[in-house]
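Dumping the structure here so I can ask a few things about it.
The first chain written gets the first letter, and so on, giving A, B and C; residue counts start at 1 in each chain.
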Amino acid sequence: MASLAAPEDRPGAPSGHRPLNALSLQDASVRLGGRPILTAVNLEVSQGEFIAVLGPNGAGKSTLMRAILGLVPLAAGSVRVLGRPPVQARPLIGYLPQRHGFDRAVRIRGLDLVRLGLDGTRWGVPLAITPSARTRRRAERQRIADMIALVGAESYAHRPVGELSGGEQQRLLIAQALVRRPRILILDEPLDGLDLPNQTSVAALLRRIASSEEVSVLLVAHDVNPLLEYLDRVIYLASGRALTGPVQAVITAPTLSELYGAQIEVLKTGDGRLVVVGAPEAPHHHGTRHPEP
Amino acid sequence: MINPSFSPDLLYDLRQLFSFPFMVNALEAGTIVAVLAAVVGWYMVLRRQAFAGHTLAVMSFPGATGAALAGLPGVLGYYLACVGAALAMRGSRRGTGSRVTETATIGTVQAVGLAAGFLFLSLNQNVLGGPETLLFGTFLGVTQGQVLSLLGVALAAVIGLAVASRPLLLASVDPELAEARGVAVSWLDLGFLLLLGLAVAATSQITGALLVFALLVAPPATAQLITLRPWLGMALSVVFGLVIVWLGLAAAYFSPYPVGFFITTFAFALYVLVAVWRWVRS
Amino acid sequence: MFAHDFVRNAYLAGTFVALACGTAGWLVVLRAQVFAGDALSHVAFVGAIAAALIGVAEPLGLLVATLVVAAGMAGLGQRGAADDTSIGITFAWILGIGILLITLLARSTAGGSGIAATNALFGSIYSLGAQDTILAVVACGVVAVLVLVSFRPLLLASLDSQMALARGVRVRLLGVGFLLALGVITAESTQAVGALLLLGLLAAPAGAAHQLTARPYVGLALSAGLAVGAMWAGLALSYQIPSLPPSSAIIGLAAAAYGLAALARRFRWRAAPRSG
């Protein structure tokens, strides 16, 4: 399987002294319902990288994310998050699942939504009586305020979530995921349903967060174009296999054609947008199609 | 029945109010009901399950008539009917085409409950008070024993809600994240519906089915008009509930009209007042 | 059985009420407005009591009350629909008024109130006079026809209000009109099955239809058919078993249909292998 990873990340390359990789997948395979979804995926993600996960519907993007989160078991290979197995590393991963959007009538403030990211899973009465509890409560409140400031949502964090625009909601959800100090942020199609200016501004925000907070960001997306100028690398999934590398190296006709096993063309429009043509949208069943010779 | 009259001296009126044991019991029961309904109702309004709440409240009708028919104690009938309905409604909450299926199921469950209740009633006319009392209730004739058992249920419910407060809040407003974080959302959904059913079963023995619903909806909805903060909202909800119940009981004591009318009217009036005040301010 | 006047009246009025409920009910369920229908039926009950108190003909009181509240609810919402909480609050208040009226009625006509209240709550289809029957047939027939005629724009407005607006459909107007039609159906059906059980005729046959098929016209026909079937079978059953009230029989059958439909759907999913 072709790998266009940076030279120092290729398996077998001399390791030497370098910080622990945020994410490390080695020959990871996943089977669901007897069908192979991911086959021998190799991936190394350094801390602070901003990576888009691309590919047609049904290619296994969400499955890959779930495997990293430990929600789906591996049939073969390994996944390591900061050197640890996924289940152990859960507190280190901030996850934004796909949401249906908040109903207009949901009466809760953005601020409370972010706070729920911190303590929404804690059972027990939320009373801070002892001094240490009070200090922790104060620190938490500060953290929440800091994250809301980081995403630029101060002006509308006190309004009901249901009244906010898609872009504003998305920023609050990012703050919600960041509030527990994750080392990795995984976002499952956060740009869906946002208009182009909002897509680019959220992408820019994620770029800033990746650099300033040293958080690795993995973003599942359908369209790479709003993200082009902010990404470090892309992961392209098709037919259960993955290809990773810089955008210009991965999204080319020969690379993608080899990945899909079909004739793919990559067109570049006048304003620099990339269009992938010929990619089948439906899930590809092995054995029912013969690759072109 | 003595015909008390409202005098300009408030202290004298209050002493009159407290002079009868039945009135004291009614006030105690009313206080407990107000607090329980305000807290449970706050979540109910947040989760927009008022329809389910109303349906559960209505289940006390077949519960009481069915128990009378079967020769079982009325209390058992109330609990069985409410719990049964909660389970029947649970079957559709997070299903496909959820909102559509959910409301159709709730409506059907309610209709079946009422149809069954009517059937039981016509088979056995021997129910205390008749359909109106079952539905609209009466605060008179509350015994100390009833007050104590009500207190028990209320404490259990409020403590349960306090312990589960944050996971339930998360599951109510952001179920997708809750699932991703390992919160058992469907169990919480079922648990809440059962809690609602139990709370309704306990209170409607005293307040009647329809009155419980007014106390479950109005104080929390009014509170949520004023503030979006969870804890402040719940506290306000309790305050409103208490005010409504106390004023309602006092008004019913001094006038010939039924308690239910006063409580529902005050509840509605408070909501309208706050809604208008908000509209004027914006 | 059909030799008797009261039986013929019952079947005649009942068929038209069931038709109207089944047809409108399919849309009510789709628009998730079952709670609004519930509220309207309770309002109808209060209107009947008020009419009895004032001494006005019961159908008139019902009609006025339901139309007023329907218009109010429609005004509170965006596409002519109110939300869960506001319906709940209005509902609770209306019932409070109902309590008051019942008390007043009990004092003015000692003894008569219980029967009036019970009738308004649970219906008395086997005691309809000729006039009431004709009124029910005409009102429900007209409403059913209106709903059928405006079905396509109503469907579009219910499924995708944004697109409907873009195509020039008067979404809000339709929403208000729909609730008003619902009010009329409610007022008339209260005579037959009673205010509280009207809900069952609106929800259960339509619910069953929605479980069985997603196709609009098939669903509509199925819903109406199930409603009428439950009505006929329920009336016959109740006639044979005098201790079984007609409203209980009808609702019981309609609910059974819903239960069976839900089960059938679950088994169909388990039987067929999941594709994709």
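The criterion applied here is as follows: a residue touches a chain if its C-beta (ideal position, glycine included) is under 8 Å from a C-beta of that chain, and two chains touch if they have at least 3 such contacts.
What you are looking at is a predicted structure, and each value in this text was computed from that prediction instead of being measured.
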| item | value |
| --- | --- |
| Innermost chain by mean C-alpha position | B |
| Greatest separation from chain B - chain, by CA centre | A |
| Inter-centroid spacing, chain B versus chain A (mean Cα positions, whole Å) | 44 |
| Length of the line joining the C-alpha centres of chain A and chain C, rounded to whole Å | 49 |
| Euclidean distance of C-alpha centroids - chain B vs chain C, Å | 25 |
| Residue list for chain B, restricted to those that touch at least two other chains | 48 |
| Touching two or more other chains - residue numbers and ranges from chain A | 105 |
| Numbers and ranges of chain C residues touching at least 2 other chains | 83-84 |
| Chain A contact footprint on chain B (complex, rising order) | 46, 48, 162-167, 169-170, 173-174, 176-183, 224, 228-231 |
| Residues of chain C defined as touching chain B within the complex | 29-30, 32-35, 37-38, 83-85, 87-93, 95-100, 102-103, 114, 117-118, 121-122, 196-197, 199-204, 206-207, 210-211, 243-245, 247-248, 251-252, 254-255, 258, 262 |
| Of chain B, residues touching chain C in the complex | 45, 48-51, 53-54, 91, 97, 99-108, 110-112, 114-116, 118-119, 122-123, 130-132, 136, 210, 213-214, 217-218, 221, 257-258, 260-265, 267-268, 271 |
| Chain B-facing residues of chain A, complex | 69, 71, 95-100, 102, 105-109, 112-113, 116-117, 119-126, 158, 160-161, 176 |
